[in-house]
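Each of the next two complexes has subunit A plus one other chain: subunit B in the first, subunit C in the second.
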Partner chain A sequence: MSKPVIATASLAGCFGCHMSLLDIDDRILKLIELVEFHKSPIDDIKTFTKPCDIGLIEGGCCNHENVEVLRSFRKHCKTLVAVGECAVMGGLPALRNGIPIKDCLEEAYLRTPTTEGNTVIPNDEELPVILDKVYPCHEIVKVDAFLPGCPPSADLIWEALTALLEGRPLKLTYDLIKYD
Partner chain B sequence: MTNIETIIQRHAGDPTRLLDMLRDVQAARGCVDRVSRAALAKALRMSEADVEGIVSFYHFFSRTPAGRYAVYLNTNVIAWMNGRAAVARAFEREAGVRFGRTAPDGLIGLFQTSCIGMNDQEPSAVINGVVFTRLTEAKVKDIVAGMRAGRPAAELVGELGDGANQHALVRAMVANNIRAAGPVVFGPHEPGRGLRKAVGLTPEAVIAEVKASNLLGRGGAGFPTGLKWDFCRREKGDRHYVVCNADEGEPGTFKDRVILTERPGLLFEGMAVAGYAVGAAEGILYLRAEYAYLKPYLESVLDGLRREGLLGKGAAGKAGFDFDIVIKLGAGAYICGEESALIESAEGKRGEPRDRPPFPVQVGYLNEPTIVNNVETLCCAARIMAEGAAWFKSMGTAKSAGTKLLSVSGDCERPGVYEVAFGLTVRQLLDMAGAPGAAAVQVGGPSGSCIGPDGFKRAICFGDLPTGGSIMIFGPERDLLEVVRGFMEFFVEESCGWCVPCRAGNVLLLRKLEKVLDGKGNARDLEELVAWGAVVKTTSRCGLGQTSANPILTTLANFRGLYEARLRSGADADAVLDFDLAAAMEASCRAAGRPIPSPEAHHG
Partner chain C sequence: MAEIKLTIDGKPCTARPGQTILEAAKASGIYIPALCHYEGLKPSGSCRICTVKVNGRPAAACTQPVAEGLVVETATPELEDMRRALVEMLFVEGNHFCPSCEKSGNCELQALAYRFGMLVPRFPYQWSVREIESVSPRLLMEHNRCIQCRRCVEAIRTPDGRRVFAAQERSGRLRIGVDPELAAGLDEDTARKAMAICPVGAILYKEVGFAVPIGRRKYDRSPIGSDIETK
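Up next is the complex of A and B:
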């Protein structure tokens, strides 16, 4: 039987959740035995070429490219997991949600102390379009599971992955979700 | 312009009377502006932010001018059913200003407010403290013309209502609409009889009598009154307080309005009985701002009781029993009906609930042992002392003794107040009220339950359908889910914001409900409504959040078909349909001068 396939992506996040995944230490060797990584920054595979069992999403959606990536994950992954505060609720990037995007862009590109002369809001068509606000993943696609934390601890990610692989309920013990 | 110092002095510079000061400032200046807030803060040794926090908390205080005539039009669902939309349009047309704004000339401001206790005579509005009922486009035209002529709001009322509404100190166009007068609250009563009997007993014996009557709190929660009094009496404190909760804010309830109009003496007698029982010297009637029009009249009733010796030093002829009552006005906040929030508000603060325990009977008004009882409860207590516990228990059911005042409104021929024995079925009540074809009945206000014809055989009593008395009837032509939306908007508006489950949870529930109403929901959304509703219910700090999910939860339980008919199914069942990528991109494309994306087909 072939190994379960995992894909991962970091959207509007800081890669901290991916770092936390790597923080499972030597269990990563066991993980490699258990699963095959597909599209992921971990192995640098850029495009989906087959269906996956588990998709891990770090970060919410702050631009249209995030939305497209998230939707392609939903399309290709049987189980989609929002990993960490930003994916679950928008997180730090969503702090801008109370401010109109026009004001944000003008503040960042036209009015900063470090810009001078003919300033412009970047508008090259190659650039992803910033969204009006930062959306948590479940407001864009159906999400099957949510892992809280900023970042979720390595132990929590390990517990969640092994639970998913073994098809058993997740044991969210107190020490895994205690943050202070 | 009235001097702020004069207003502060008028209320003895007492911080617990800050709401009274703010009310006077609001009346004198049309708002509580920054200068006034600074002056109040300085005089009362508070921060300006604290004063601003209090001003912004209450509906009837504003930081910007509300107009020489501030119109607060009720937004209750029953008002909408009775033609509120046309009345609101008429106000906007005649006043030349939109709701939520004040006209540029500063004459008229139009605002929305939650239920003002006039559900039996909607649409209604409060203008400069004066109540206007059964509004029509024609009436609005006359009222606005009167405002333009500079006439005081009190002169603009139409035909006066019945009973004490015609009293020179009331002169309100409010109708009592007493449809069924029962033996307890509306029965014949010799003034002072209950109190005189009470002071002839020991306080312990009075409490024992109230306990024996099995009187349960009439505000809705049904806590045993005698037990509450007993707890309070046993607490050590410098002073004990009796507070009457006349902040009747549960949408659809108006029976306390009628008691305050027609049986104020009985209520004050009940407060004195309670004062004697718990060992209090002071009673406070916390009167909701919407009923401020009754205050001069109620003060005159209190004066009368003092003259008759039923209040004051040696009340009811009992040496050593000194008991008097003061009236404190609220300023428009539903949450102040919650007893610990009410106490905070009576102390002149934001009406935010306290942590419990300690309970008010332990640490209440000014941190002294305090009982907070509903208007109707205190009336019952006076009658129990007058007629005896056995008489009281002979009415109602085994577990729910006595009668209950019901405020009936909505799609029925005879809206108004019904005093009925506990145990009456909903069907019997509908027959009395003239609503044979009712499709749904909201029992206990938005925080209660919505039942359909299957539930009409249920009985109104604590074992089955408990209620503070709000009964709203909906005919088959009504869109019940729009009613639910209205109730959820009410809770979003009235959440005090202290705790997250209530502040954020109700917004999320409302959004999810609107998603379903917009035809973008799926079966999962209904599951989430139930799950999130349970979270809000179980983790909120006070009764508001603990019941605010009920409109959704009870209609999902009793009218699930209405929801299911609006769901997406099939291939789209799992899709998230309320996210619009093109719309989310539009603003930044405009800001950056990029092409505006065209609407996308649904993804998911």
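Up next is the complex of A and C:
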């Protein structure tokens, strides 16, 4: 029987959740025995070529590309997991949600202390269009499981992965649920 | 004085006349989750987290006095789901960014969510637009995190008894306002008390920040209420 397939992505995140996944120490050896990694920054596979069992999403959606990637994960993954505060609730990028997008862009590109001369707000068809707000993943697609934390601890990620692989419910002890 | 007998989740308990259900439960080693309530302050019964069923009818345990023969239910699936829903509503109603909050680990709203095992709120985020206000040389008011429990309104007074914090406006526009002159005159102890009494990170003592490391904060290891249950 072939191994279960895992895909991962970082949307509007900082890769901290991926770091936390790598932080499972020597259990990572067990993990590569248990599963096969498909599309993921870890193995640099960029496109889906087959259906996956588990999709791990880090980060929320701040632009159109994030939405596209998230939708394609939903399409290709049986179980989609929101990993970390940004995927679960928007996280720190969502601090901009109360500020109009125009003000954000002007502040970032025209009014910073280091901008000099003729400055513009980048606008090219190559660039993904920024969204009005940063959205949690479950407000864009259906998400099957949530792992909060900034980042979620390696133990929580391990518990979730093994629970999903064994098809059992998550054992969430008190020390595993943290939002920071 | 005569003892009052009541049952809480089927457990026979005794209470003194004048006690609330919350106090009687605590004395019997039963934790009823509560948020706006603060020991020693007049209970306002505003958050409704402590809702229990008293003889089959919902009531706030922090305001409801005990009476002979009361049958109180608290740890039922229905009430526990309702409490969790209330906590989830508070999480989506304000802007609670736990990773960047000075009160994280010591926050009672977060601690309740931990205790209830909240992974994600069931309601859509509101992204309310609120401000951060420097209200005195010693205090910051982070309105994004305020849950309008009114503990500060009740507890923080000037030496001559005047309130420093007050509820302004009503309903969805309600906010906790601060009298800038009175706030400027607060001594250090009262300003620190204001931060301590705030269940969330809405009132902050300036220039302190993240004083206690992760792992050693109040609710890092043991759930809120576990001190009552282990008594």
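Just so we're on the same page, the second predicted complex is superposed on the first by the 177 of 180 C-alpha atoms of A that agree within 3 Å, B and C clash if a C-alpha of one lies under 4 Å from a C-alpha of the other, contacts with A are read in each partner's own complex, and residues count from 1 in each chain.
We take it that a contact is a pair of C-beta atoms (placed from the backbone, for glycine too) under 8 Å apart; a residue touches a chain by one contact, two chains touch by 3 or more.
Bear in mind that the values here come from a model prediction, so they are computed numbers and not experimental data.
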Here subunit A is shared; do subunit B and subunit C fit on it together or clash? clash
For A:Asn97, decide between first (touching subunit B), second (touching subunit C), both and neither. second
Which superposed partner A:Asp175 touches (first subunit B, second subunit C, both, neither): second
Per the contact definition in the header, classify A:His138: touching subunit B only (first), subunit C only (second), both, or neither. both
A:Met19 in the overlay: touching subunit B, subunit C, both, or neither? Say first, second, both or neither. neither
Let me test your reading of the model: by the given contact rule, A:Pro122 touches which partner, first (subunit B), second (subunit C), both or neither? first
May I ask you to decide whether A:Arg71 touches subunit B, subunit C, both, or neither, giving the answer as first, second, both or neither? first
Please indicate which partner A:Ile32 is in contact with in the superposed arrangement: first for subunit B, second for subunit C, both, or neither. neither
Which partner chains sit in contact with A:Glu85 here, subunit B, subunit C, both or neither? Use first/second/both/neither. second
I need the one stretch of subunit C that runs into subunit B once the two models are overlaid. Options are 25-33, 169-177 or 205-213. 169-177
Which subunit A residues contact subunit B in one complex and subunit C in the other? 133, 138-139
Note which residues of subunit A are touching subunit C in the complex, please. 82, 85, 88-92, 94-95, 97-98, 133, 136, 138-139, 145-148, 150, 172, 174-175, 177-180
In their shared complex, at which residues does subunit B touch subunit A? 524, 574-576, 578-579, 581, 583-594, 597, 603-604
Touching residues (chain side subunit A, partner subunit B) in the complex: 64, 67, 71, 74, 100-102, 105-106, 121-123, 125, 129-133, 135, 138-142
Taking the complex as given, what residues does subunit C use to touch subunit A? 95, 97-101, 104-105, 110, 113-115, 117-121, 124-125, 127-130, 144, 214, 220-223
